[in-house]
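What follows is a set of structures to go through.
In what comes next, chain A is part of two complexes: it sits with chain B in the first one and with chain C in the second one.
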Partner chain A sequence: MTASLQKGINALKEVIDAPIASFFSSCVHCGLCAEACLFYTETGDPRYTPIHKLEPLKRVYKQEYTLLGRLAKMAGLSKPVTDEELESWSELVYDSCTMCGRCSMVCPVGNDLTYMIRKFREGMAVSGHAPQGIINATKRTVEEGGPMGLKWPAVQNVIKHQQEDSGLYIPVDQAGVDYLVLMSSMEIVNYPEYLGSLAKIFSKAGITWTLSSEAIEATNAGIQIGASDLAREIVSRIVNAAEKLRVKNVLSPECGHAYMAIRWEGPNLMGRPFKFEVVHVLELLDELRSKGVLKMKDKLKTPVTLHDPCQIVRRGGVLNAPETLLKEVVVEFRPMTDSNKWNWCCGGGGGASAIHEPEAEELRFKAFKRKKTQLEETGVNTMVTFCANCRITLEEGIDHYEMNTQLIGLTELLAEHLED
Partner chain B sequence: MNEIQFLTWVRSTGLNIALGLFVLGMLWRLIEIYSLGRKQDMAPARSAAGASGWHTIFRRSLPPQGMMKSSPISYIGGYIFHVGLFVVVFFLAQHIKLVDSLLGISWPNLPAQVIDTVAVVTLAAMVLILADRINKPVKRFLSTFGDYLAWLLTFLPVLTGYLAVKHMVLPYTTMLALHILSVELLLVALPFTKLIHVFTLIGSRWYNGDISGKRGVPV
Partner chain C sequence: MDKGETLLEHMERQGMSRRTFLKYCASLASLMALPPSAAAAMAEALGKARRPSVIWLPFQECTGCTESITRSHSPSVEGLIFDMISLDYQETLMAAAGFQAEEALQNAMKENYGKYVLIIDGSVSTGMDGAYSCIGGRSNLDSLQEAAKGAAAIIALGTCASFGGIPKANPNPTGAVPVSDIIKDKPIINISGCPPIPVVITGVIAHYLTFGTVPELDKHGRPKAFYGETIHDRCYRRPFYDQGKFAKTFDDEGARNGWCLFELGCKGPITYNACATSKWNDGTSFPIQSGHGCIGCSEPDFWDAGGFYKALSTPANPLKYVAAAAVAGAAAGVAVSFANRARKQKAKSEHETATTSDLEK
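Right after this comes the complex of A and B.
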């Protein structure tokens, strides 16, 4: 056995806990989880059945933690997990799983399959079987500060432009303020208006805030690849910066898995609760709306639908704010057939969008057909969402199928129609 | 061994062995599973109505959104055979008498004709479920020897019980002995096969509901 495989198996042994043991023991092989997975529904390939994606982890569980499994292993009846097997599973654990969490919602015996995939990735990452695209993104985040290799001077440039455009001051490294604002590289590069929009909203609401030159990046490729040590290092930058600046809250950007990383995984990665609260930008906006601070001057006339990012809604628990806010700013909202916590993934979450192998991209386009169908059922050409990664994936899908759909970020939409 | 001796054995020694293995096996498995424990969640929980492990234990008994439409045989067949098993096991007069003689507790039974019908419907539903397992690519793909064994171990007690009551195929004494034997096999296998879901699904649903519940999502 290679050293890296041994490390991988050890990592798997370490992540197996009572929930995982209970889940594997309960599975009756009914296959209903397949019906909840867009990689299965759009391809019809049984290999994409969520519980099947966990097969090597299940064997390690049985061989290491059950009496019969240990006996079978000793008698040579249960084959050990090999490097070749893990390598062939990489497609199932990364390319065809976005950790969207839909399967966990339908399993009749209650298995949280997504929880297990996340843990399984720990073993895949240390044994060297994660996709190169996510490895690169993680490396760049650890070494250069963000998955896109974006440096602080570039961010400063964006800040300067947004200050000029909005005519508002954007504070940096200011201690003792209400909010430390995080962003994702993708937003900084592709949707820098987000920053100007926030400046506008904060100024209207009289909330003090700051950016940090030490922690701007909110995304965490470490949790996507499944390497807790790297994830911890990335999240600790934010925690250190926030605690040094003594901010009351850290504001997570729209980006779905950034929210997951800092709000839900963060304290567990650090092994302690934070000295500040983590708030999703839409939670804050909804609070401002309910206080009457967030008033709209007009509404978008075009009918719109909403794509709910999995990590914010289903896995993140920001269930009501997005829809409430959207209704403030549009004339007509047509929800998708499966919406809110039942929404279907864009197909690019959980690190999948960082995988650039042609097969993975082709698979993503196939999976996108689910969103295409949902979108067509609503009969509208404008889709609002609130996650930069969803947005990129959706845009790629829309281009690929040459659809006539316009995408809008919810925060920007709100900022655009905000009362002056 | 003649049929009387066979019946006597399954009712005494056989039953004792089966019950012993079942109880010890279950205890072992439950300890093996739940003593693994889990790390404390450090993230401050969000609370929401209906979002907890306890809610999910019950809620997950109903088909989630869109699932009945995509997998009608799994749900309808599944409901029928699970409820059917429950009715046949707990409401046949002979079963209640057996419990009464062992534990001294009893409850009203259902008429024999009703149980007969339920048994036949249950058997039919189980055959349908098996056909679905073989027919549906996903189910066939996932299926192992253990799945077919578990099906057989569940099917046989209902079948032999029905045939014994109806005095069909084999003499009553022999069929009754086979019925009891098949139940004993089921008991012994239960802790070590997927049949353990009868117990562990409570834990699994609770964990699932708890994990999402802490984030404020009812699942």
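Right after this comes the complex of A and C.
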């Protein structure tokens, strides 16, 4: 095991770029980011102020790249970043930050705090200060193919069942098709009907598609832990498979960070543009809806509200499709206060849901109170969302507070009410 | 304050005598060069006036205009006039924020459609579809077009709103333009100045309340009553100019004797404003009286009109020292950037590709 402080500091020196330098120099210390962070609003603890979470990175920036900082370091006025310090910061960088991006939205000088946390994690990861849960997920993704250690035979099994249930053929490794479909382990295990639903929709729309035996997993724990080298390895599996099969598009599953990983971080990690387009499943469905292919036979009678996953809506830019699609399939939709790009995180994004230490879980439940309040204000008992990770975190929160709330995935809901 | 209360009733309740009020009307009338009979008409009209709704939108501005209005005159009769308008939306002064504020704005626009006075301070950014300056997720350009529809008249407050001001200064990165470039179908009164004089604003509002019309404007859309003469023509140092007595530096004999500041760059001769007569800080003083030349802040593009300390008669040659300073600055910048680049490059070359075993100690 070769993590070291030296590697960590070197990584921090390496990630500090022009945006980070300008962000740190332009911060006006107004503290508005605190109010945007659910870990601060639900605990009232000022340590959770987003810009404070970046303090060690800021010190490295000042000591290495500014004249005054260098002088202060030489005079001993500015202490070097230590292992102990980074260890104590692990909670602030991982447990209490879901990289939901709300703080970046409110910053009056336009500092992208989420970007900086993402970069800071590069140093945390290789200095050995990432939480064990995320380390395990990353290892499994790199070594076994997915964060849950799911192997191809298990996927084949799911394919077989879904073929039987839907009566439709699910193609594998077919070259030259319109869409390469990715999934997340969580969906394969917990919501396998997703695959059957897609088969149904594709066959109706006359779109050709395939799964790949080399790249089924869309999630990327390498990004969550903040190890670009590993993240690149993970994302290159998809890129290689898609380019080998010469597909026109890659379809990202509902899963929020998977979309962010392949659509936004992917080309940067690879250092080149892709030879295919990346489309989120809801973007595709909304396009089919506007073409009149996606028609509903009936609507859900119970009133519902919508939880917008941060990585798809706020960070991903899929702003309108989810709500438009939802309105197609429900009778009454009551939006939450602070919805769409202003939505509050479920509390488990950015890898946080993979951390299983009791303190981290307790903190997550505290943060969940924000969602609980939002939910109670709508007065409905059914919540729709479109991210498997949000769904798991929300379910844990609902169980913890013994709430009477039912959760539904948007794609499944659409498939269920689709005209035959 | 009761919405139905008239200005006079309100002032009486505040302990202001009728005599003081009449004096105020008379001085306002004389300041605006109206005939003496206008003072009575003004007193009568103002006394009966009810609060008109005023919506104040800040765009690309520094809040200096608001500071000017609120700070200098707050306990005076002008301040009370300000109490007397129904200021339904003013981001800096209002208690509400966020959705409540936006709601107040929408309500005020709906309830007083066609009747409200719209005050704009700050220039309007047009670059990138106005994305440089947004409030509540909407561009200023968008807000202006919406709010202007129902306005009876628009007051462009300050040089930014009137002429583009400092945001429009070369190279104008945000594509800033004055209000009058966007809105063409409403009466627009430009009250320029950086910031403008408070009494000019209250004067224009009083005029509007009294006569229900926009005052007479000059070629730049400014009320002639306040912008009819140059600072120079009304300056108490004018006799020294006529005698050829000039201060040559800020600490010479001439400066101490209070001679004309023309040679130190005073822009008074080409600047139309009321500073020399109405003065600032409740009539205390104005820049020239404090020993500094006028910078011409109420004129279009004053920021790009050569140096503030260049006499009007000398050609502007701002590049002489600037070029040298720019070269020195750029050289220092390049040196620092090379040093930092080398550091980062070193960090890059020391990077070892991370494997899963690098995640743990």
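Here is the rule we go by: the second predicted complex is superposed on the first by the 417 of 420 C-alpha atoms of A that agree within 3 Å, B and C clash if a C-alpha of one lies under 4 Å from a C-alpha of the other, contacts with A are read in each partner's own complex, and residues count from 1 in each chain.
Methods note: a contact is a pair of C-beta atoms (placed from the backbone, for glycine too) under 8 Å apart; a residue touches a chain by one contact, two chains touch by 3 or more.
Computed from a predicted structure; not experimentally measured.
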Return fit or clash for chain B versus chain C, each positioned on chain A through the superposition.
clash
Partner chain in contact with A:65 - chain B first, chain C second, else both or neither
both
Should A:3 be classified as contacting the first partner (chain B), the second (chain C), both, or neither?
second
In the superposed arrangement, which partner chain does A:377 touch: chain B (first), chain C (second), both, or neither?
neither
Is chain A touched at more residues by chain B or by chain C?
B
With the two complexes superposed on chain A, say which partner A:139 touches: chain B (first), chain C (second), both, or neither.
second
Partner chain in contact with A:130 - chain B first, chain C second, else both or neither:
second
Quick one: classify A:165 as touching chain B (first), chain C (second), both or neither.
neither
Once chain A of both complexes is superposed, is A:115 in touch with chain B (first), chain C (second), both, or neither?
first
If you stack the two complexes on chain A, which partner ends up touching A:30: first (chain B), second (chain C), both, or neither?
first
Is A:16 touching anything from chain B or chain C once the two structures are fitted on A? First, second, both or neither.
both
Is there a shared patch on chain A that both chain B and chain C touch, and which residues make it up?
16, 65, 67
Counting only contacts in the complex, chain A reaches chain B at residues 16-23, 25-32, 34-36, 40, 44, 46-47, 49, 51-52, 65-68, 104-112, 115, 263-268, 270-273, 277, 314-317, 319, 338, 341-342
Enumerate the contact residues on chain B facing chain A in the complex.
28-29, 32-39, 41-44, 46, 48, 56-57, 60, 64-67, 70-71, 74, 78, 136-144, 147, 150, 192, 194, 196-197, 200-201, 203-209, 211-212, 215-217, 219
Residues of chain A touching chain C in their complex?
1-4, 7, 10-11, 13-14, 16, 64-65, 67, 125-126, 128, 130, 135, 138-139, 142-143, 225, 227-230
Once bound in the complex, which stretches of chain C touch chain A?
336, 340, 343-344, 346-348, 350-361
